[in-house]
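Each of the next two complexes has chain A plus one other chain: chain B in the first, chain C in the second.
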Partner chain A sequence: MAKVELKNLNKIYNKKIEALQDINLTIEDGQFFVLLGPSGAGKTTTLRCIAGLEKIDSGSILFNEEPVTEDQPASRDVCFVFQQYSLYPHYSVYENLAFPLRSPMRKLPEEEIKNKVENIAAMLKISNKLNNKATQLSGGEMQRVAIGRALVREPNIYLMDEPLSSLDAKLRETLRVELKNIQTNLKATILYVTHDQAEATTLADKIGVLKEGKIVQIGTPEEIYENPDSIYVSQRLGSPKINILPSSLFGMADNITTIGIRPENISVGSGQYSGKIISVENLGSETVVAISFKEHEILASIQGNYKSSINETINFDINAQKVLNFDEKGNRIYEH
Partner chain B sequence: MNVKKKFKGLSDKAVGWLFIGPTVLLLLAINIYPLIYAIKMSFTNFYANKIGRVPEFVGLKNYIKVLNKEAIWEKMQVTASFMFWTLLLQAVIGLGLALLLNRKFKGNELLTTLIVLPMMLSPAVVGVFWTYLYNPQVGLFNYVINFFHDFGSFDMIGSSVLAPWSIVIVDTWMWTPFTMLICLAGLRSVPNYLYEAAEVDRANKWQQFLYITLPSVLPFLLLALLFRGIENFKMFDMVVELTSGGPGSATELASISLKREAFEKWKTGYSSAFAVILFVTIFGFGNVYVKVMNKIKER
Partner chain C sequence: MDTSRSYLEPSSFSKKIAAAIIIVYTVITLIPISWMVMTSFKNVDSAISYPPEVLFEPSLEGYVNLFTNRSRQSVEYLDSLPAPETWYEELVRSREMVITGPSKFLGRYSNSMIIGFGSTFASVFLGALAAYAFSRFRVPLKDDLLFFILSTRMFPPIAVAVPIFIMYRKLGLGDTHVGMIILYTVVNLSLAVWLLKGFMDEIPKEYEEAAMIDGYTRLQAFFKVVLPQAMTGIAATAIFCMIFSWNEYAFAVLLTQFNAQTAPPFIPTIIGEGGLDWPAIGAGTTLFLLPVMIFTIILRKHLLRGITFGAVRK
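Entry: the complex of A and B
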């Protein structure tokens, strides 16, 4: 495995679309790095640039301090899990898994290939499917094979492009946990792209938030959640969504135009503010209450099952210490 | 409740029959009836030029005669060798051209159109103008060959050694675009991300071809060869114009021989038996081939 660095990476499509602008990031050896952002933010492009499937316009890519910017995909020795499975349709699961090991660049004896393939198949619980044709699998199985095809190798870095996005919720959760376990066991370096915040927070050692081709913040999931640099970043994580409100609602200092309060930092029942309940959503472990306050909607998340009814007037308070302040550009204002 | 009953129109089925009826009638009249008639005639000693003579039933005599005639087997051999070489060359060159044209380059579309042109010509016309190209004195073909290496004077059509190759060359020239077009359709259906995955998996170009391109394009290629095989088994017009089956019987394909027996010697009953044998042969081979092709497709 390797440490991977991107320095001042720029990628322009068709001479005008700036897909990536001045990307700088370091993925340490053995780190699970997640790139988070909505579609079109440049996540996939970043992966493709690292794999060598796209030529970059300027900047450099380093593996273990060695520049690989000019190298062909094959000589970079990376693994890529594509969003759309991309199994070789005419071959069996076994052949698909063995394919990367048959590369002329790593000629392994057949015995060793067999061992590796069987190990990976057992790890991903697809041992009984090895003789199936790739096209005869369910979506979840296909994606396991696709991930397996990456894991049979020990590349410099695993690049994963929303590998779980096309699976159903339950399977996604299972595979998510498995993937994290596998990564911990193998001490693998992974760059993982997603727009799913649950995947980002559960998998990542570090998260990089992308916005329109630029990295806006890099940090641990906790840092990104607790200390977002901007409104944009604050909205990437957290469910129910963070409340973004004009500061005038609560009478804040002049330079602050907008504040962000996470729903769990709003307490209800008593407090200096009062509003009307618009909706109540009981999620079992928590209840999400939407309160109408001075023509704005505020979401509050309350532990356990909170009994209340719509149109009821309710008192609430905000945890002033947890309030995030932003200026008119949406950037964070730090008091200290 | 009675709406359905009140509505007196044609049922879907009736409309369907109305549409395919004329075609079915036409097929029955010009394909199925002659076929059955030919089968019937093949058991008689019918001579179409002997008017008023009542043909007699002769049983399997015609079939035994056809199958025992050594000349027939020679014709079959000529046909088989013609089919083997044309199909092989058209498969290899067609796939090769398709691979080249599948790349993006300037003038790609113009080139495709130009390559496809021979296919649009009438086979008889092709036969005629290739006789000029093959002309030993003024032919362009001979000129070009001698330009690269001087073989002296040679006659593609006149020599019994070269004549079989002359028809193979013309058929390949004319019909390679067909296999190419179908292969191209197959190549276009391969998603690009498979090649990207293979590239990241460190496969070289040869492995990419073997693992991705070939299995994807093979069903298409086999289909093209099926069409070409059936067509070339029946090959007639182009070869008649080019060599008329000669010199001697060097290029006398089964279909040309059949035409001679039927319409020059007027042995109608005998040639009907011959035709039925040819039909059964191509029908049998075709069916086996389709079965094999479907197996490959399923893989």
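Entry: the complex of A and C
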């Protein structure tokens, strides 16, 4: 595994669309790095540039301090797990898993290939499917094999482009846990792209948030959640979504135009503010209550099952310690 | 009323009508072909008898005549010869003739094979490479080039027969296998590029990107991943190319004579005594039909999938 660095990376499509602007990123050896952002933010482009599938316009890519910017994809020794179309449909599962090991770059003896493939198949619980055609698998099995095809190698870095997004919710969760276990065991360097915040927070050692081709913040999941640099970043994590409100609602200082309050930092039942309940959503372990307050909707998340009815007037309070202050550009103001 | 069937399914009555139409059509189209096959198994007399014989005693005379050259001899001379050693010698002797040697048919037939399969392979191979490039790379003036390639088929190829004839003579390509393979490849290539480009476009580029990341060069990825995926398209294209070059008559008449003559210009020239030797011609055309038939049957599964390609894809 390797340490991967991106320095001042720029990628322009068709001479005008700036897909990536001045990306600087360091992924430490053995780190699980998640790129988070909405579609079109440049997540996949970043992966493709690292893999060598896209030529970059300027900047450099370093694996273990060695520049690989000019190298062909084959010689970069990376693994890529695609979102879909991930298996070679004319091959069996075994042949799919063996494909990278049989490449002219590696040409391992068949005996060794067999060992590796069987180990990986056992790890991903697909041993009984090895002779199946790739097209005779369920979606979950396909993605397992796709991840397996990456794991049979020990590359510089694993690049994963929303590998779980095409799966149903339950399978996604199972594979997510498995993936994290595998990564911890192998001490693998992974750059993982997603727009799913649950994946980002559970998998990541570090999260990089992308906005329109620029990295806007890098930090641990806790840092990104607790201390976002901007409204944009604060909205990337947290479910239910953070409340973004004009500061005038609660009488804040002048330079603050907008505040952000996470739903769990709003307490209900008593408090200095009162509003009308417009919806109640019971999620089992928590209840999300939407309150109408001075013509704004505020979401509050309450532990357990909270009994209330719509149109009821409710008192609530905000945890002032946890309020995030933003200026008119949406950037965070740190001094109070 | 039968309510168990789905509204989308045709009724059993309309299915029967459809089957009847198909059967009638099949019989009508098969009559000439079966007549040809029947003629090939008739003897010279029954082939031209009037009214035509539908029931006849099968004979291999046509096939023997197709493969041999014979000469008529006097009865005395025939009697002086030792007894015939093989059944076909016997058959020829019964007509008061002796075999003087093999005919040119086998040579013409193998010319057809070499030129037909050679040009099919060349068109599909070059077509696949060009189609892949047009499908995947940013080729300058891509649309214009594609249109140019298509435009080469907008006039009948024979329209350029004279310049090609002169060119081939100057280049020494006339009456050569290579020359005919090149000519048929050129004619077929535009079809191959266009057909295969459609199939290549349908193959997600992720496949070859995955292969390239897995340690293969683009060309290796093309052969290992893209070509097997395009098998249906390749099969369909190969059949079209094969049919064209196998059946081509005009250029074959014009450009080949001794060395590289193919079967189509040769078969009609089989002349027996006192007119055309119809059983031999029937035998020649029957044998001529076989390779394309076998080739199409082998690739049939791919062809059917090829035609419905895109419609059934998830």
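In this section, the second predicted complex is superposed on the first by the 334 of 336 C-alpha atoms of A that agree within 3 Å, B and C clash if a C-alpha of one lies under 4 Å from a C-alpha of the other, contacts with A are read in each partner's own complex, and residues count from 1 in each chain.
Methods note: a contact is a pair of C-beta atoms (placed from the backbone, for glycine too) under 8 Å apart; a residue touches a chain by one contact, two chains touch by 3 or more.
None of the values given here were measured: they were computed from a predicted structure.
A.B. asks: In the superposed model built on chain A, check whether chain B and chain C fit or clash.
C.D. replies: These partners clash in the superposed model.
A.B. asks: Just checking: does A:M105 make contact with chain B only, chain C only, both, or neither of them? Give me first, second, both or neither.
C.D. replies: After superposition on chain A, A:M105 lies in contact with both partners, chain B and chain C.
A.B. asks: Report for A:H90: first if it touches chain B alone, second if chain C alone, otherwise both or neither.
C.D. replies: both
A.B. asks: Regarding the shared-chain residue A:N181, is it in contact with chain B (first), chain C (second), both, or neither?
C.D. replies: In the superposed model, A:N181 contacts neither chain B nor chain C.
A.B. asks: Touch check for A:S279: first (chain B), second (chain C), both, or neither?
C.D. replies: neither
A.B. asks: Tell me the contact category for A:F82 with respect to chain B and chain C: first, second, both or neither.
C.D. replies: Once the two structures are laid over each other on A, A:F82 reaches both partners.
A.B. asks: Of the residues on chain A, which ones does chain B touch that chain C also touches?
C.D. replies: Residues 51-53, 72-74, 77-80, 82, 84, 86, 88-90, 99-100, 103-106, 149 of chain A touch both chain B and chain C.
A.B. asks: If we count contacts the way the header does, which residues on chain A are in touch with chain B in the complex?
C.D. replies: 51-53, 72-74, 77-80, 82, 84, 86, 88-91, 99-100, 102-106, 133, 149, 153
A.B. asks: Under the stated contact criterion, what part of chain A meets chain C in this complex?
C.D. replies: It comes out as residues 51-53, 72-74, 76-80, 82, 84-86, 88-90, 99-100, 103-106, 149.
A.B. asks: Using the touch rule from the top, collect the residues of chain C that touch chain A in their complex.
C.D. replies: Those in contact with chain A are residues 204, 206-207, 209-217, 220, 225, 228-229, 231.
A.B. asks: Spell out the residues on chain B that touch chain A in their complex, using ranges where they run on.
C.D. replies: Interface residues on the chain B side: 191, 193-194, 196-204, 207, 211-212, 215-216, 299.
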